[in-house]
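Structure, as structure tokens:
Chain nomenclature is as follows: A, B and C, assigned in order of appearance, with residue numbering initiated at 1 for each chain independently.
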Amino acid sequence: MLGFMFKQAQTTLTIHAQGRGFTNFTRELQSWVAAQGIQTGVVTLFVQHTSCSLIIQENADPDVLTDMETFMNDLVQDGHPDFLHRDEGDDDMSAHIRMALTNVSLNIPVIHGKAALGIWQAVYLYEHRYMPMRRQVLLHIVGE
Amino acid sequence: MLGFMFKQAQTTLTIHAQGRGFTNFTRELQSWVAAQGIQTGVVTLFVQHTSCSLIIQENADPDVLTDMETFMNDLVQDGHPDFLHRDEGDDDMSAHIRMALTNVSLNIPVIHGKAALGIWQAVYLYEHRYMPMRRQVLLHIVGE
Amino acid sequence: MLGFMFKQAQTTLTIHAQGRGFTNFTRELQSWVAAQGIQTGVVTLFVQHTSCSLIIQENADPDVLTDMETFMNDLVQDGHPDFLHRDEGDDDMSAHIRMALTNVSLNIPVIHGKAALGIWQAVYLYEHRYMPMRRQVLLHIVGE
């Protein structure tokens, strides 16, 4: 396994989030990984924003996503009277906090040419703003 | 430091979690890293599940783990009446939320052939289900 | 893009945290990345402690950091009477919990010789102890 065949690739996925909630982009991720011709390696995901997150959650029962949002909505109060940063509305500061409690980057090993997610795992953009947003997720893969 | 000697390796660690709580697998991680013959690089850990987490915590006082669980148990109510997803019991949805608030992947630089943890750091699988579970943690290392 | 030119580098940034709060080290990160001569790749950040975190947050309005701390202070009670681990004071166990809820490692793609942060993103060390602390952040870059 000497590294003569190592290679890397990068791209940007643009995700159109329909306001607060989850957008499953597992298919787009796997399509891009498959197209790079790397059988063994690791893929890095990174979101270039401070009001949305990357999250891995169950891919089967949509109630999981509903309950996740119920919990986060209860944990991080929109428009909390103690918050100073409120230029863009009640969802401004709460979005930054939600992002800090979840993930800005993820790393997934690549096995047999695919991001090696477990059978119940999907990758979501978790949008925290109320309004529809256009979000950039960087992908980087290295391997051979 | 041209990359003629770059190599990578992957494996799956199987962790037998004894129900909710922490399993320290630092020794298994370091043994595998040491066996790959890579002095300088980076190791990625990824757990293929949605009801347990990877977490780095103190390795000295077991009270830290007890208090961490006390906190999480209070933060994420098992069997919360507002949760819709409850097919597998009171710890079903709470496990998904605990996982979202902690980590599914970790990255640790490799220095002198070891994952470069700080002296107080250990790597744990944090199981969120009540029942004993068999969990898969993927390891990927790249370096030279 | 065959990997004949792949290289990697590592360093340790020492960050002097002035007690609980945020230290922006984006400039130090970008300076080091730029000096490695890697145009395309990925940089890993890893903090070797269990009482501080790495966090990406907004770089514009300092109120965001104030509000983030207001939230965390309310979420994780210092000196909670249920905590057993209190050897080093009221901020001992709460620091470990804050760290578990945020990040110990981050991965950022490198594009055109820079860590590809979004225009509103900065990288902070988030110190959770009251006292000034000297913290070690490991950096690892691989690419070409």
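Here is the rule we go by: a contact is a pair of C-beta atoms (placed from the backbone, for glycine too) under 8 Å apart; a residue touches a chain by one contact, two chains touch by 3 or more.
Owing to the predicted nature of the structure, the values given are computational and were not obtained by experimental measurement.
Residues touching across the chain A and chain C pair largely diverge in numbering: under half of the numbers involved belong to both copies. In the CA-based superposition of chain A onto chain B, the rotation angle is 120 degrees, rounded to steps of 5.
Note on chain placement: the centre of chain A and the centre of chain C lie 19 Å apart, centres being C-alpha means. Shared contact sites, meaning residues of chain A that touch two or more other chains, fall at 3-4, 6, 75, 101, 103, 107, 142, 144. Residue ranges on chain C touching chain A, taken from their complex, read 1-4, 6, 40-42, 55-58, 61, 63-64, 66-68, 70-71, 75, 101-103, 106-109, 111, 116-121, 142-144.
Chain A contributes residues 3-10, 44, 46-50, 75-76, 80, 82-85, 87, 93, 96-97, 99-101, 103-105, 107, 136, 138-140, 142, 144 to its touches with chain C in the complex.
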